[in-house]
Structures are given as C-alpha cells and as structure tokens.
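In the two complexes below, chain A is the common chain; its partner is chain B in one and chain C in the other.
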Partner chain A sequence: MLLRHTNSDIKERKALTVNPAKTCQPIGAMYVALGIHGCLPHSHGSQGCCAYHRSTLTRHFKEPVMAATSSFTEGASVFGGQSNLMQSIDNIFAIYEPEIIAVHSTCLSETIGDDLGQIVAKAREDGKVPPGRHVIQASTPSYTGSHVTGYANMLEGVVKYFAESANEKIRQVNLLSGWVEPSDIREFKRLLKLMKVSPVILPDTSDVLDAPMTGKYDMYPKGGTTIPDMVSMGDSMVSLGLGEWGTKKAAVALDNKCKVKFEITDIPIGLKATDRFIQALSKAGLVSIPESITDERGRLLDVITDMHQYLYGKRVAVWGDPDNIIPLIEFLVDIDMKPVYIVSGTPGKRFDKRMSEILSERVPEAKFKNGANADMFLMHQWIKEEAVDLLIGNTYGKYIARDENIPFVRMGFPIVDRIGHSYFPTVGYLGGIRILEKILGAMMDKIDSTCPEESFELVM
Partner chain B sequence: MEKKKESGKGLSGPIALREEILKKYPRKVAKKRARSVIVNDPEAVPEILANVRTVPGIITQRGCTYAGCKGVVLGPTRDIVNITHGPIGCGFYSWLTRRNQTKPAEGEENFMTYSFSTDMQEENIVFGGETRLKNAIREAYENFKPAAISIFSTCPVGLIGDDIHAIAREMKKELGINIFGFSCEGYRGVSQSAGHHIANNGIFTHVVGTDDKERLGKFQVNLLGEYNIGGDAFEIERLFEEVGLTLISTFSGNSTVKSFAASHTADLNMVMCYRSINYIAEMMEEKYGIPWVKVNFIGADATAKSLRKIAEYFGDKKLSAKVEEVIAREFGKVEKVIAELKPKLEGKLAMMFVGGSRAHHYQELFKEIGVNTVSAGYEFAHRDDYEGRDVLPSIKIDADTRNIENLNVTKDEKRYRSDLAKKKEGLEKAGYQFKNYGGMMADMPKNSLVIDDINHWETEKLIEYYKPDVFCAGIKEKYVVQKYGIPLKQLHSYDYGGPYAAFEGAINFFREMERMLNTRIWKLVDAPWKNEPEIVGSITIEN
Partner chain C sequence: MDIIKGRQTQILTKGEGPDKIACEKKSLAGSVSQRACAFCGARVVLYPIADALHLIHGPVGCAAYTWDIRGALSSGPQIHRLSFTTDLKEKEVVFGGEAKLYGALTYLIEKYHPKAAFVYSTCIVGIIGDDVEAICRKVGKEKGIDVFPVMSEGFNGTKKDGYKIACSTLSRLVGTNNDFTPSKPSINILGDFNLAGEFWILSDYYRKMGVDIISCLTGDGRVDEIRKAHKAALNVVQCSGSMMHLAKDMKEKYNIPFMKVSYFGIEDMSEALYEVARFFKSGEMMDNARQLVRDELQQLLPALQQYRVKLEGKKAAIYVGGAFKAISLVKALRLIGIKTVVVGSQTGNADDYKLLKDLCDEGTIIVDDSNPNELSGFVQLTGADLFIGGVKERPIAYKLGLGFCDHNHERKEALAGYEGMLNLCLCL
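This part shows the complex of A and B:
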C-alpha cells in the first residue's frame, strides 16, 4: 500500500495539514504573469520559491517556464530586500530584455515587511526601468489564502497598472479567464468568435504554455495578452470574470479605476455553467446566440442521455480549486452522479453556500470542506469509511486510486503524469463531452478489466 | 531548425565564447561571472569561484537550503514523519517530487508518500507559530504513531523566532519518541548545499550512534550520498549482497532512521555524492574512527574500480575473489552492449550542468560509450568539487559559509575503532588513498568550459556555440533546450527512467542514449513546405 497509514479513524486536526489540496500564493502570480506577452515573472524571496514554482509549472505543461528571483540570503532577510530587487530589475532588463517584469512577493519578503510598491516606485525614480518597459507588482504572502489567491492578486495588479480609460468605449468585452489551461483559452476564443464578440482575454496562456516545437527557442513566445490590449481594457463595454476566487478582485479594480461594469460567472465547466457563460456573453456583447452553439449544447445533452446508465448514482470524490470544482460538482449532479466527498484547501466562506445550493436537495449525504485542514488525507479517510466509484482531481490522487482501486480522472492543478490538459479543453459544451469521455473511459476500463468473463460486453 | 554542426557561431574557441557570454552582463555581474566561467586545463587546474551567492535577477538553476535539507537528504528516509513548519508551499512542492524509491516490507512504516505541514497562517506569523507546531506534532503522533518526527523550518520561521529546537526537546519528552528539528530556512545559504550540511549535522547529532547493534556481517559498510533516484541504490545493494558486503545504512536512499542509528557500527564509509554528505563521513571518522573513501558507481569501469577499492580495504582473499568474479561476469554483459552501441554514439558531444557530483560522475559513463563532454558545471558545488580536496585549506570562509554551524566533534572514547584507525595507517603507508577526491576539472579535457551555477543566458550561448548532441540538466532546463531541437536528459530525476548505477545501470543508460541520440524525430520538426515558395491561393473561403 502506498498510503498505508491512512485509516477511517478520523481524528479532528487543528494544526497539521496532511497531503494538502492547495499550494501557496506566488505560483498563482507566476501563472498569471506567464499569460502576458513579453513578461518575465519575478519572485521576490529565496531562490527555492522560484525553483519550486518553475518546476511545478514545467512538470504540468511540459514547456519552458521562465522566472527570475531576488535570491535572498541571510543579509537581505535581516536588512530588507530592497537592494536585491533593485539589482534584479537592473540585471533582468540588461540580460533578459523583457517588456514587463511582474514582481510578486513571498512569505519571506512579506514577513520582513518589504513594500513592493515602494521599492518599484524607487526603481522607476532611479531610472532603472528603461523607457517603454514596465515593472508591475503584487503582494502574495504565502501564509494567506492559496495559489488561487495569488492568481487573483497578480491579476488585480496587472489591470490596476495597465488598464486606462480614454473615456471612449470600445466594442469589446474583458474576459478575465480564471485559472484554466491554454486549451481552454483557445476554446474561449473559438466560442467568442462564433458569438461575434470581440474580447481582451487576460491572462492568455495559449501560444505560451503550449508553444510548438520549431527548433528555435523563444524566451518570450508569441502568445500572451499584449500591452495595448491590457491598456484598452479600461474602455471595454464590460468585464466578465470567470470564477469569483480568481477574478473578482481584478473585475472590481477595473470598475473602480475605469468604470467598467462587471459580471462574475463560473468557469464554464459542464452544462449549466456553460449556459450561464454563453448567456452572459450574449448580454455583454449584445449579440444573439448562434444556432451552432445551441447545436453544441445539444450534442453534450445527447452524450449524457446516451450514457446515463453508467453515470447514474455513481459516487464521486472531488478535490481542487473552488472556481473549477463548483461548476464541476454542479455538472456531476446534473448528470445524476453523486459527488459525495469534496475538499478544497482554498479558503472562502462562499464555498459552503455554493456547495449547499448545489448538493442539499440531490446529494444530501455529501461531505464537503474547504480551507484549513481540508486536505486529501481527510478525503481519503472519508473514502475509507465508505468507498466511491470515481476520483476527480490533480495527479496526487493516483496514490489513493491505486490503493483503493478506484477509477481516476485527472482534472485541476497540477497534472504532472499525463498529457492532454493543455491541448484539449474541458470548458464549454465540447469540453463537457471531453469530461464525460474521460469519466466513462476510466469507469468502463475498470468494468472491462474486472467483470466476470461471462458478463464481458462487446457493446457498451 | 538550424543545421547541425554549423556550430561555433563565428567564434574562434571557448575563450572567445567566454568573452561573448560576459559581454552581455552589467560590469559588476561580468566581473563576478568571469571567475565562475573557466576555460579548463587539467594539468594546472585553474581556480573557480563557487559556492557564492547568485546575483539577484539571474535565472539560476539553484534552489534553497530547505530543498537541500528536507528534499534531498532527509526526503528519502521512510520511517520518519517530516513536518514542514511554515506556509503550505514548501511542504507541497517537496511532496514526492524527487523520485527517491523505497522498498518497505509489508507492515513496515513508510511516510514518504505523505506531506506534513503546519500550513502557517497570518496570525501565526504575527503571534508566533510555536503552539501550532506543538499541536501539529501531537496530531502527527496521534494519527501516525511514528518512532521519529523531524521539523523543518521554512523562511518565515527563522524571522519570527519560533524555537523549533526547544519545541522538539519538549515534545520528545512529552511523547517519548525521537524528535528533532532542522533550522533550514531557505535563505540560510547560497544554495541547496547549506541544507545538506544542516541535515548532516542534525542526523549526526540526533540519530547516528543511538543503537549499538550486534555485528551482522564480516564486512560492514555504509554507503553515503546515494539517494536511490530511479532505483540506483537497489542496483548497488544487489552487488554488495552478492560479493558479501553487509550494508548497515545508506544515506539516504531506501533508508530508515533505524539504520542511521546503527551506522556507527560500520567498518568503512563509502562516499558517493561527496558534496552532500562528506560532513557526516568526516564526523564519523573523528568520533568513531571509521575511515572513508570516495567511490563512484556510475559507469562500469568506475563500479569495478570502487568494488576493488573496497575489497582492497578489507584485504580478504575470499572477498577479492568474489569481487573479481562478479566484475568479470558483469563486464562481459556491459562490453557486449558497448560493442553494439558505441559505433552509433562515438564522437557525439554532451554537456552537463547538475548537482554537486553527477556532472562529474556521468562524464565517466559517457566516456565509456565514446561521448565527449565539452562543457560541464555544478549547480551547488564548492571549489573542492571542481579542483579537488587539495584546495580545501585555501578556500576562503565567507559570511554565508560561516552561517552554517560546524559541529565540534570529539572522539567517543568507548566506541572509537582504534583497530580501523590502525588499519588505515597501514594501508596509507602502502599507498592506499583515503578521503580522496580529485574533483571534476582534473578529469576534463583541456579547453573544455567549466561553469559554476550556470544561468539561462549562458545556457543559450553554450547551445548556440557547441550545438551539443545531448544536454544534461534538470526539469527547469529540459524544455528550453529541447525547443532548440536538442534532447535533454534530466540527471536529477532521470526523466522517470533508470536505474543508471552499477553494471545493469550502465547498460540502461547506454540504451537510453541510443534512444535519445539516434531518434529521427528531430528531423521532422520542419514542415515539408518550409522551404517552398508561398502560393497565393485563388480558391479561398470568404469570411
């Protein structure tokens, strides 16, 4: 057994997290910065933070992930990191020549009280930022929230710095894309084109974290939201934020700074969340919904009804980030599965409310928890109490899947042992079909490999 | 794709390449890097600047002290609950990401698949995290009942002043199990290396020598600095068992705290990764009189040499005969594979930038199959790893090094092995070398480029200049290098392959190189229409 010490004897824990269902803020900030064109993320802290974040993102995308670090040593930790950051800005512009440096803090620089805004302002005053180049910053202390909070904080930092209003509205919609894959961004673009809505998507990791093999290495790949696009966000008709945890702060900041009204909707995972997304787009862009999209919806429904018998009543355990798993849980309930165990390490009171709304009527037995000590160890203990038919979550679930012999669908972050997530979307109606394909594939493979020979089925 | 072998980029040689690299840097950075980018001369090994701070803003390969302590040295030990005291990230990122294989017996403890963290919150940063840590230790004990618990400090812990060592002592008393802490905050040193040293100190102080086990065999040894990536230690264990060596403990691949506790009962310490573990070897010699020798099990020749060296130490005819028998048998297998693959690989160029010993060890393996290393360097080494232990007295101790405690170790009068000390004296007179490490540079060709703590800019320039056939580094470099159309072999994780140690490992590695260097996939990168004239279509779809 891989997790041989896990048993069903659940003891309340207050201080110890075991097998976390979250990680820390700075990696989310780094992820946002990678979705900006010509931008080099910079980690203001010890070297290890930067190395860990780059490694994790690289393993997930199997793509280059570049970022610099302030390389704190004891001296910087005692006397403050200003000189390290000033040197960094100098060296980065001289050696790596990005258009933008996106600085985020760490628990180290936050604990000693470094004020990034003040240091960056001083760098500008001292002429360390060449003309036409930019340094933006976000405070991302690792001891509050989670990687999702870091995503939200950097996204807010980006729009606060770049978005400008020339008081002349442009017929475009800001799409704050939430923590999704490059493949999902491509799917958003396709859907927006079908809807004839012109967007600015921020961040846009397509053509950055799914760059083609060309025999040439580009430190700043062709993808990513551009500076003119980010500036223009201040004059967009409306902002659409996908996921409250990841995008609300930035949407509010845009409204405060440039009076761009916003709507927050879920990341369009599954049927109803995609319905809401399409309707929100229709409203935001003042466009009608084309028949081709209604047809896509119909195809998703068609697959659900075709395969309903394999889904009905099946018990599922899910872990991940609120913005991603809330619509996923809703989808599972819609297709008559029973998401019975749900954990997310990311705190936020709204989680309970949303879960209750989705689950109380159809899956009253569901257990869910987020925030402190909502970890994969607890979820595994619940599974030990009463088993499930399916696991959905990031790669770390494979240890539970093997020990308990449970079919496992990888969704979320990080996925470091399979490919596909960065190329095939899980958003939109077609993404819904892909989720179904994966769920059914995993569960039916188990049926095929374990059922008695006499009941082995050719057609399913 | 650029054509292969159009290398050189118009530069006359490595000296010109070095100038080209340094030219880009701001003046102060150039001055510093000039001392770490060295054109080699094996006859008169030049001085290299190593184990110094990375310049802020530089895209470095390096990680932090915590990674070296918790991730590298203590990570591979299975019967201990390692609690990371800090915000969640550090514990999350070091969770199962280093491929240290381990093989517990059924029913035996294995906590390596778990990540334990105090997940410090803002109020703990403001008001202190000591109570939370104590409760976390209690909860770990209550849920897992381990025989040992250790605590690893992350950056904020040192700054807010939580006294993890006092807590460890208090909880040890309360729970009656071995509990100890490591002050391995990320900023403590200039790289992972500081963490290795801190880990060595902690294990030596709190574990080594706590179990005076009866002798288990005639020839008792410890293997130090072998972390069982991809099953390397399993290969070596198999060899030892066959020739009749009793392996008391490995630091720390496939290891247990229980085995560390009895490691002072060995007759010889064999040091594999010199950088990360030489401290314990030195301390064990001082306290218990156990001599140490440098060994290397990467490469068939190196493995044979190391086995012979061990046999010579024990001076036992039967052991020597068994060693020769195994070498002869295994060599036969390796030679067959070399004969098959060498014609396909001979003359290819490799470069490797990794670790504190692998960038040296793997050059031997490449040499056996005819691949030349044109440039190499370490990520977190010190001068002695490059220039050999002879330079030790001349290494300047800077403030960063002074930060890491050097334990004051004294002779354990009761358990000191005078017999071994005497044996050592006799062997030394006969020319046998102990504590021998000559470093990487003496083994590298003249005019090869040796670079300490290589960064992204230098990597790009090296690739453009040398157009190597294979580049060895880690996960952060992998896809950068491959975008150039050059295969990268990870020498930290082995790209989820291996084992590459000892004889079977060498065969695996040669086959892997055949796969990587002979694939034609890179030739398919350019689309067939790349060099065709663009056709302006007349039957286009109107939007």
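This part shows the complex of A and C:
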C-alpha cells in the first residue's frame, strides 16, 4: 500500500499541506500564453520553475512546450532581476523570433520586488522590442491563489494589452474559454459553427497542444489566437467567460477598457451547464438554437436514462479546479449519483456557496472544502472514514484508487498517465456522453472483475 | 543555423574549429534551457531515501512538481512518495514562515516517525530570511531525530549545484553510526537512484562476486545504512555529476578511495565489476566476476545480434543530464553498430567533454546546456535516426519523426547492467 501511512484520524492542520490538490500560479500563465499564436511564455525567476512547468505541461499533453526563463542567480536575487529580463528580451527576439513574449513573475521575483510593468516599459523605451513585436506581462506570485489564479492573471494581461475599440461593433462573440483541453476548444468551435456564431476564442490551444506529427518541428505551431483577433475583441458584441475563477478578471477588464458587456457562465460540463452555455450563446450571438444541438441534448438524456440503474446512489469523490468541478458536481447530482467528498486546492469564497446550492438538498451528507489544507491527504482520510464507489480527478488520485481499490476516472489537470483528454472533449452534450462512458466503463469493469461467478452477467 | 550569442563556445564539432568546449556556465537569460534549478538537483538526489521525511518549505509549486516525479523505487517504506509542503502564503512571505515550518515539521514527525528528516529551503525562503537551520536544530532536539536543512534555494545555481548541496547534507548523515564493523569486503554505491529497479540488478551482481553493499546513495536508500556508509572500503561512483562531491568528501574525512564507473553498456558494466575485484586484490572475486560476465554475455550476445542487424549504420543523437552517462551511451551504441552524431549534456564538466571528444568520431557535434531549437537543428543537420534523452526532448523527437528512447526519470525499463543493454536495444 503506497499510502499505508494514511489513516482516518482527521486532525486540524494549520501549517501543512500533504499531497496538494493544486499547484502554483506561473503554470497557469504559461498555459494561457501557449494558446496565443506565435507567443513564447517567459518565466521571470529561477531556472527550475520554468523547467517544472514545461515538464508538467509536456507530460499532460505529450507535446513539446516551449518557454524561456530569466535564469536568476544569487546576484539577481540580491540586486533585482531587471538586467536578466532585459537580456532575455534581447536574446529571445534575436533567436526565437516570437511575435509575442508573455512574461510572468514567480515567487522569487515578486518577493524581491521586481516590477514587471516597469521593466517591460523600460525595455520598450530602450528599443529592445522590435516593431510589430510585443511583450506582455502578468504578475503571478506563487504564494497567492493557485495555478487557476495564474491563468486568470495572464488572461487579464492579454486582453488589457491587445483589445482595442474602434467604436464599431463587430458581429462576433468573445469566448474566454477557461482552463480546458484542446479537444474542448475544438468542440466549442463545432458548436459555435452549428449555432452560426462567429467567435474569438482566447486562449485557443487547439493546433498548439494537439499538433499533428509532420516530420517537422515547429517552435510556433499553427494554432493559437492571433493578434488581429485579440485586437478585435474590443469591438465584439459581448464576452462570454467560461468559469468565474479563470475568466472573470479578463471579462471585467474588457468591459472597463472597451465597454464590451460580459456574461460569466460555467464551463459547459454536463447537461445543465451546457444548457446554460447554449442559451448564453444564443443570447449573445442573437441566434436561435438549431435542431441538431437539441438532438445532441436528447441523446445525452437517452444515455442517462438507459444506464440510470448503474448510476443511482453511487458515492463519488471529486477533486480539481472550481471552474471544472462545479458543473461536474452538478451533472453528477443530475444523474442521481452522490458526490460526497469534494476538494479543490484553489481558494475562493464562492466555492462554498455554489457547492451548497447544488448539494444541500440532494446530497446533504456531502463534505466539501477548498483552499488551504484542502488536499489529497484530507480526501483520502474522508474516504477511509467511509468508502466511495468512484473517484474523479487528476492523475494524483491513482494512489488512492490503488490502495482502496476504487474505480477511477481521470479528469482535470494534470493527467500524466493516460491519454485521450487532448482528443476527446468532455464539454457539451457529447462531452457529457463521454463522461458517462468513462464513469460507466470504470465502474462496470470493476463489477465484471470482482463480482461472484454466479452473478457475472453477459448483458449489462 | 542561428545560435544565441554567447552560446557558440558551448558547442563544438569534432575535427573542426576550437578544441575545447565551454561548460559549467550559468544558463543565459532568455534561453529555452532544458536545465532545472538547485532545488531540483538536491530534491532528486535526496528523495529516494525512503524512510526519511522530505518536507518542502516554500509555496506549493515546488512540492507539487516534485511529487513522486522520478521512478525511484523502494523495497520497503514509501514515505518519500508523498508530497509535504508548508504551502507558504503571502502572510508568511511578509511575516516569515518559521512558525509554519515548526508546526509542519513537528506534526509530521509525530505522525510518521521517520528515521530522519530533510527540510528543503526554496527561493523565497532564502529571500525572506527564515532561519531554517535553527528550526531544524530545535525540532531535532525536541523530537530526538536528525533534522537536516537542505539549503537549496533555486537561484543558488543549476541542478548541478543542487547535487552539491545534497552531498553536503548527506555528508552530515554519513558517519553517525560507529558501532558497525563490516564482515566482508564492502562498498557503497554512489549515484544510483534505483530507477526501474536498477540498483537491485547491480546489488545482485556485486553480491554474486562476494562483495557487500553497505549503502546505496541514494536509490532504495535507508537512513541507518547511510549512517554507517563510512565503514566501507570503497566508494563506487556512478552518475559522477551528482555524487562526486560526496565521494571526495568521504575520501578526505574517512580516507575511503572512490572509483568512477558506469553501468551502461557491456564494456563499462563489466569494467565496473572487474575494477572492484582489482581493488580488493582478490583472485576469487575476479573469478566470480569473470564467471558472472561470461554467463551474462552468453545469454546477451546472441540476443543482441538480431538487434544489431536492424540497427547497424543508424545515427543517434544523445542529450542527457550527466555527461558520464553520455559517454557510456556512445560506447554502448557503438557496440550495436550505431554511430553517435550529436551528443550533449546539461551538466558535464571539462574532463567529461574531453573524454567525449576523444571517444567520438570526426564530425560529431558536442554541446553543453542545449535548447530545443539547437537540438532540432543539429538533428536535422546530421540526419540522426534516433534520439536518446528525457521528458522535454521526447515530443520534439517524435515531431521530427525520430525514434526516441527515454534515458531519464521516465524510463520504465532498467537500462543498467546486461539486462539493461538488452532493454536499450529493444527500446531503440
């Protein structure tokens, strides 16, 4: 038993996080930057941060992930990192030739007081940024929030820098896509096309983090939101932000800068969240909902009904990021499962409120916690108290799954031991069917492999 | 091909241009380096010690990214595979994190009863000035166990500097048990991390020769074994990048000689066994070693033949962490008819690169602290068929349509020893 040291005796922990259900801000900033065309993320800090983020993203996507670093030394830590960043900007434009450098800070550069805005402004003044090229920045101190906070901060930085208003509305919708997979972005595009809504999707990781093998290595793959598109966001009819934690800051910034009204809705995971998403699109784009989408909804409902007996009353443990697990929990409740344990390392007061709304009536016994000490260790202790039938979350649940022999569906970030997330969406009605397929597959495989011979059945 | 200004001296082509390569330099700001930081170096070296507590004092990221990242296997306790962090927040950055560290450390020691504890200091801990040493001393005294501060602030240098920091920490643990007298000729294995169970293969070889292994630093490591490591007659050092510092230190302190070996490839593996027998001046041991090599080769060589037929004449690019490993790989590849056309490392020193240069064929590109652009350029320039590297090189190789073999943390098959040679071929 890999986690044999864990027991059900839960003690208040003030000072300690064990097996975290989150990571730090800069990786979120890096993720956003990768969804912009021709953009090189840059980590302003020690070399390790950048190496870790690249390794983690590479392990999740099985794709090359490029990012540069200011390579702080002891000297830089004492005297400030300005000269490192200046030299970096010089080197990057000279050699890697990106259209955009997206600089994010780290705990180190924040603590020593480097002001990214001021350093980047100086770089511009000194002519280190060639014409037509851009340097954007976001402050992402690792000791505040989580990787989701870093995502939100960089997204805000991007729209603040690029979006411009020419005071002439364009018939398009800004879709701030939230922390989702390239496959999900492709699904958004498909749905938007069916709805006849023309969008600017930011960030857009499709054709970047799911690039085909061509025999050629492109440092900047063909995907990613382009500069003209980002500039035009200032004249869009409306912004639709998917997930409050990831996208609200950027939506507000767009409203403040360019007077683009916004609506925040959940990432469309499951039935109701997809309903809300489709309705929001229909309202934002001033279009009606085509029959083909209504049919997709019907198919999802059909699968739920067909398989309801295997789902009803089953206890589920879920961990992940608020924007992703709030609609997921809602979906689980809708299909009559019981999400009883929920943790998210990402802080935010609204989490409790949303969870209570979804759970208080239907699953009053549910335990949920986010922020400090909401970690995988606590999750495991809860499970030790009373077992569950299913686990849903990122790869880090595999220790619990093995020790407790519980079926495990991988969703979230990072997934470093399975594939599929880059290619098969979990958003939209069809994504809902895929989630069901995965849940049922995992639970029914366990039934088949462990049930007594006399109750083993061919047809299920 | 475009090379970042200031990096030209870290690249050379054998038979052309300058004779010497610049290395052991800090990475240039702005380069997409494949290297990590001092914390990473210290953490990967120490974490295989499976019955010790490893607590990371810093914001959450440093712990999250190093949670069980390296397949360092343990035959017993698994505490090292958990991720403990003080998860520092803004409040502690302003007011200091000492209280939090004290609380976490006490709680963990009470809960897990580890044999010893390592507390890793990260970038901002160095900046906010927590007295990690003092807290470790205090808790150590209160709880009656050894608590070692690992001063591995990321900005303290590259991964290699982190190795050094880990070695100085280990050197405080070595020699803390004097009640032990080895009964047989005995050695320590330095610099094997038991990835995919490689240490188990090696210990089996040495045991068959009649040599005892007192401790392995640090694969499948145990605190109590390391305490008596100074009783060994010899230190056998692999992956010289990470453990040389400790070997030198033990030579100075305890007068234990060391030898550099490599377990990759037939020649180097056999030499590693013979060298030990020669050291102990034991005919019996040498006979045992010869017998072992004979037995292993009898099985291995016919099995290799089928691969050689397929692999003969192929060209390989190698980019790995330590240069010593690169050297072994060049030799191992040569044995199966593969020519190395690009070879580089993140952390090699001048001696390593001189050896590499002498070993390689004319025209081979040798590179220190490279980056994806350079690597993909070199690969295309030389027409390599295969790439041997780590996690960040893998997808690049695949995009270029090259075969890839992981020779780093993510290897799933043992690549050391005779078994390893066969696994390498299979992989290629």
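The criterion applied here is as follows: the second predicted complex is superposed on the first by the 460 of 460 C-alpha atoms of A that agree within 3 Å, B and C clash if a C-alpha of one lies under 4 Å from a C-alpha of the other, contacts with A are read in each partner's own complex, and residues count from 1 in each chain.
As a working rule, a residue touches a chain if its C-beta (ideal position, glycine included) is under 8 Å from a C-beta of that chain, and two chains touch if they have at least 3 such contacts.
Everything numeric in this text was worked out from a predicted model, so none of it was measured.
In the three-chain model built by superposing on chain A, chain B clashes with chain C. Using the contact criterion defined above for the overlaid structures, shared-chain residue A:Leu108 touches chain B and also reaches chain C.
Of the two partner chains placed by the overlay, neither chain B nor chain C lies in contact with A:Ser43.
In the superposition on chain A, A:Ala67 makes contact with both chain B and chain C. In the superposed pair of complexes, A:Thr247 makes contact with neither chain B nor chain C.
Of the two partner chains placed by superposition, A:Thr346 touches none, neither chain B nor chain C. Of the two partner chains, neither chain B nor chain C is touched by A:Ser206. In the three-chain superposition model, chain A touches both chain B and chain C at residues 2-5, 11, 13-20, 22-27, 42, 45-49, 51-56, 58-59, 62-74, 76-77, 84-85, 87-92, 94-96, 106-108, 111-112, 141-144, 146, 211, 213-219, 345, 372, 377, 396, 399. Every residue of chain A that touches chain C in the complex is listed here, in rising order: 2-5, 11, 13-20, 22-27, 40, 42, 45-56, 58-59, 62-74, 76-77, 84-85, 87-92, 94-96, 106-108, 111-112, 141-144, 146, 211, 213-219, 345, 372, 377, 396, 399. Contact residues on chain C toward chain A in their complex (touch as defined above): 2-5, 26-40, 58-67, 69, 78-79, 81-90, 92-93, 99-104, 107-108, 111-112, 122-124, 126-128, 153-159, 372-373, 376, 391-392, 394-396, 398-401. Here chain B touches chain A in the complex through residues 1-2, 24-26, 29, 53-67, 83, 86-97, 109-111, 113-122, 124-125, 132-136, 138-140, 142-144, 154-156, 158-160, 185-191, 399-400, 403, 456-457, 460, 474-476, 478-485, 522, 525-526, going by the rule given at the top.
In the complex of the two chains, the chain A residues touching chain B come out as 2-5, 11, 13-20, 22-27, 42, 45-49, 51-56, 58-59, 62-77, 84-85, 87-92, 94-96, 106-108, 111-112, 141-144, 146, 211, 213-219, 345, 372-373, 377, 396, 399.
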